[in-house]
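Here chain A shows up in two complexes: once beside chain B, once beside chain C.
Coming up: the complex of A and B.
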C-alpha cells in the first residue's frame, strides 16, 4: 500500500499509524453490527469507507476514537493499534486519546460560542495555549488549514451559528485541527451540505492529508470517495468486504457485492 | 365526467365547511379561556387597584394607624423566595444533571424519576403539614422563614428538576458528541457546552417556578406562620433579633398568607386591604412571567450571537 502514499512520514515507515485487528462491535449485548474487521491506515493518506446504509462503516469509524464507549450496552472486541499500542482496553485514557484522534460529524456542530472561542475551547481546557499571542496564532493557523481564514478573519468574535452550513463544517474541521491530531475521522461530513460547500470541504481534506495527517472518511457518495481518497474499504452488512487503492476498487472490483453496489443494483 | 366534477366540487365544499366549523369551535374555546384569564385579572385589578396605588400601601407596615400597608409582607415574600431559590436551584440543577448525564438506565433511576414526579403532585397543605412536623418541631427551627423556605423547596424541586432536565435533553446530541470527541470529560462537556446551551431555558424555568412559589400559601401557614412581622430596617445586621429583616429564624407572613389570614379573620376595612394585596401579588406574578420571557430571549440572543 506504500505506492499510494508519496508523502509518507518517515516515522510510520515500518509500522502503521493506526490499525485494527479483528474488531467486532456488538450492540445490546447480542446484535453484532460489525464482524471481524482488520484495516490499517497511514499518515498522509485518506481512506474512504463506503457501503450501503447500515453496513457498519460509521460503527467502525466510531471505534477508532472509542466514541462507541459513549453508547450504553455497546461492546467492542479485537485490537485497535494506535502507534503500535492497543487502545481497546478498559485502561486506555480516552480523553487523552481523543486529543490526538479528532472527529468531524455529519451535522456541523459548532458550539454556541464565537468563532474564535470555538477553536480555542478545547486547547484552553487542555492547557495548551498560554498567552494571547499563542491563541491568535493557533486560531489563524487552524482556520487557514481549513481554508476558512479569509472568509472569517474580520468576524472572529461573531457567533459561529451565524456562519453558513459549509463554513460551520469547516470551522469544525479547524477546531479539530487546533488540537494538532495525527488522525482525523469524518462521519459523512458533506451529507448536509450543498455541492459548492462539499467541494470546499473536499479540497480541505486533501490539503490536510498533504500536511501528513491520516484521514478516514465515511461517505455515501462514491464520486466523493474517488475525489478525496487514496484508499477505499467497502463494507456490506457488517463485513469489510474489499479494500485497496481507490482507483483499483472503482475500476477493477473483485467481489460481486462491490460490483453490484458500484453499478447501483442496491444501496 | 360531468357528475364526477360535480361530486368533486361537493367534496371540496364539504371539506371547506368542516374546516371552517372546526376552526370556529377551536377559536371560541381559546377565546373563552382568554376571556376567563382577562376577566379574573381585570376584576382583581379593578377591585384592588386603587387600594394598591394608595400612598403608603407599599411602604407602610400593616399595623400603621394611618394607611396600613403591606411592606413587611412584601419583603417577607421576596426574602422567602430568594432563600427558597438559593436552596432549591443548586439541588435541582445537580439532580437534573445527574439524571440526564450520569444516571445508569436501571430501576433505581426510574424510581428516582417517579419519586420526583410524585413530589410534584403532593398537595401543598400536606407539604405544609410535613414541614411543620419535621422542620418546625423535629429539627426545632420553630415557625420560621427557613422552615417555610424548606417546605417551598420541596415542591419547587420537582418543577425545577423537570424543566432543567428538559432543557438539557433539548440540547442536540451532536453537541455532546462533538465535545466528547475533543477529549473533554463528561463533566467539562456538561459545564462548558450543555449548560450554556440550555441556560436560556433553565433561567426561564427558574423564574416561572419563582412565580409559583411566590404565590404559595398553604405550605407556609404551618411553617413560616401567619403573624404579621414587625421588622426593623434601621438595624438590619443584628441577625439574631426577631425584628431583623434578614434573620431566617424569625416567623414571616407572605402576601398570600396575609390574604388568607385577613379573609379568615376579617377586621374593619380588611376587605379593601385583601384586594389591594391580591393586586400586588398578581402584578408580581405577572412581572415574573414577563421577566422569564425577556430573560430567556435576552440570554439566548446573548449566548448565540456573542
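Coming up: the complex of A and C.
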C-alpha cells in the first residue's frame, strides 16, 4: 500500500483531483444540512466557500475528508470523487484517505507536545520517517512551507502551547503538510486570529497553492476570499447557489441571493 | 423584612453571613491542626519518646513502652500504593471505554453503576473482604497466607473501594479534553487508538494524576474495611505481602479503646494521627502542584 495516492490517468480532460456529485448531508436522520451539492476542485487552486452562518459550507468541507463520519447520526449521500474514484463508500479507509487530504480547523489545536513532535507525530505513527536526518528534514521543510521556520527554528523542543495563536495555527498547517497531502481543507482558519496572523496565514495558503496543492477554505470573511482564492462557491441554506472565478463572483454575481449577501442585506 | 431594609444594609448582612461561614471553616481547620499537633507532639516533648525512634522503630509494643511506628507507616504506604496499582489500569481503561468508545452506554448504564459503588458503606466492603478475599488468599496461597489477612488482601479491598473515585475523575479528565484535539488527530489520518493513546491521554495527564492522588488519599485514610482484612498486627514489621500487618488508621482506631487518656500510649496514638494529617497535607500539596503545572502547560 502506498501512502501517496497514485496519479491515475484522468479518463477525461475535465476530470479533477477532487469533485462532488449531488452530495447531501443529513444530521439526526431528518435535518438536511446540505442539499445536492456538486463542485470540483483542481490542483494548485484555492477555492473559497462563502455564505452566512449555518449555510452548510463547513458541513460540505467536512464531507471531503469524511470527517462527518465522526459525528453520530450524520449521513452523507452522493458521490465524492477523489482521483476519479468514489470515496463516499463504507469500504473507504478513512485513515488512509486523511493522510492525503489534510485539514486545518478554526481553533489552532497543537498537541501537548513540543513543536518538533507536533510535526512528527503523524509521520512517525504512519512509519514515514526512518532516521533522525529524515525527521530533521521533514520538520524543516514543513515549517518552511508554513512560513514558521524562522520564528521557531531555535526552540523546536519547546512546548507548542507556548506559541502565539497565529503561530499555533501555522504549526497546524505545517503538521498537515508534513503528511504530504495533495488536498488541504481549512475550516475558518483565521477567525480566532488577529489581523497580522491572518495576513501571515493567507500568504502561507497562497504559497502552498503555488506548490501544486489543492486548497479549499471556508471563510465568513469576504475580503479574505478575494485575497486568497481563485474560485469561490456561495452557499445559502444548504444549497450551493453559485460558483465561479472569484473575481466574477464578487464583481459580477448572477444570483439575487448572492447579490444580497455581498451587499450586506443579510449575513 | 428584606423589603423594609435599605439595599446597602442588606448587602452588609449578606457579606456578614457569608464571611462568617468562611471564618467558621477556617476556625475548624486551624483548631483541628493545632489540637492534633499539640497532642501528637506531647509524645516527644513531654513523654520523652525520641521522634526518630518513633518514625524508624520497628516494634509497636505499648506494654513494653516501645513505640516504633514504622510497621504501620510501611503498612499504610504498601496498601495505598498496591491498591492504586491494582485500580489504576482498570479505572483508566473503563474511563477510556465510556468516554471515547461508547459515550451513550457510559452515561446511561456505567455512570449510575459507578456511583452505586461510591455509596456502599466501607463496613460492607470490609465484610465482603473478610469472607471473600481472605478465603481466596487462603485458597490461592495455602499455608503462607495464614488466615488470609494481610497486606495483599487489604490492598485488593482498597482497590475496589478507590476504583469508583479514580474512574469518575478519569472520566471527567478525558471529557475535559477539547474535541478539537481528537479531530486534529483524526485529520492527520490517525486511528482512534493512536488518538486516544498519544493525544487524549497526554492532554489529560495532569487531571489523571490528580485523580490518582485523590484515590491514594482515600486509600491512605480508609480505616474500617482495611482494619477488618489486614490482620491488625502492629508489633513487628511485615515481611511479605501475605503477612498480616496494620495501617496508621487501623492501629489508631484499634488502640484508642485500650489507651487511658493522658498516658504515653494515648499520646503516641495522637502522633499517628499527626502523621496521617501531615500526609494528607502532602497529598493535597501534590495535587495543587500538578494543577499549577498543568495550567502552565495548557497556556
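The rule is simple: the second predicted complex is superposed on the first by the 253 of 267 C-alpha atoms of A that agree within 3 Å, B and C clash if a C-alpha of one lies under 4 Å from a C-alpha of the other, contacts with A are read in each partner's own complex, and residues count from 1 in each chain.
Everything that follows uses one rule, which is that a residue touches a chain if its C-beta (ideal position, glycine included) is under 8 Å from a C-beta of that chain, and two chains touch if they have at least 3 such contacts.
Because the structure is a prediction, the values reported are computed rather than measured.
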item	value
Partners on chain A (chain B, chain C) - clash or fit	clash
Which superposed partner A:158 touches (first chain B, second chain C, both, neither)	first
Chain B versus chain C as contact partner of A:103, first or second or both or neither	both
Partner chain(s) touched by A:81 [first = chain B, second = chain C, both, neither]	neither
Touched partner set for A:262, first chain B, second chain C, both or neither	neither
Partner chain in contact with A:114 - chain B first, chain C second, else both or neither	first
Chain B versus chain C as contact partner of A:147, first or second or both or neither	neither
Common interface residues of chain A - those touching chain B in one complex and chain C in the other	65, 67, 70, 94-99, 102-103, 105, 107, 109, 111-113, 121-122, 125-126, 159, 161-162, 172, 175-176, 179
Chain A contact footprint on chain C (complex, rising order)	178, 180-191, 194, 198-199, 202-203, 205, 297-299
Parts of chain B lying in touch with chain A, wherever the complex brings them together	104-105, 172, 174-175, 177-185, 188, 192-193, 196-197, 303-306
In the complex with chain C, residue positions of chain A that touch it	65, 67, 70, 94-99, 102-105, 107, 109, 111-113, 121-122, 125-126, 159, 161-162, 172, 175-176, 179
Partner chain B, residues of chain A touching it in the complex	65, 67, 70, 72, 94-99, 102-103, 105-107, 109, 111-114, 121-122, 125-126, 157-159, 161-162, 172, 175-176, 179
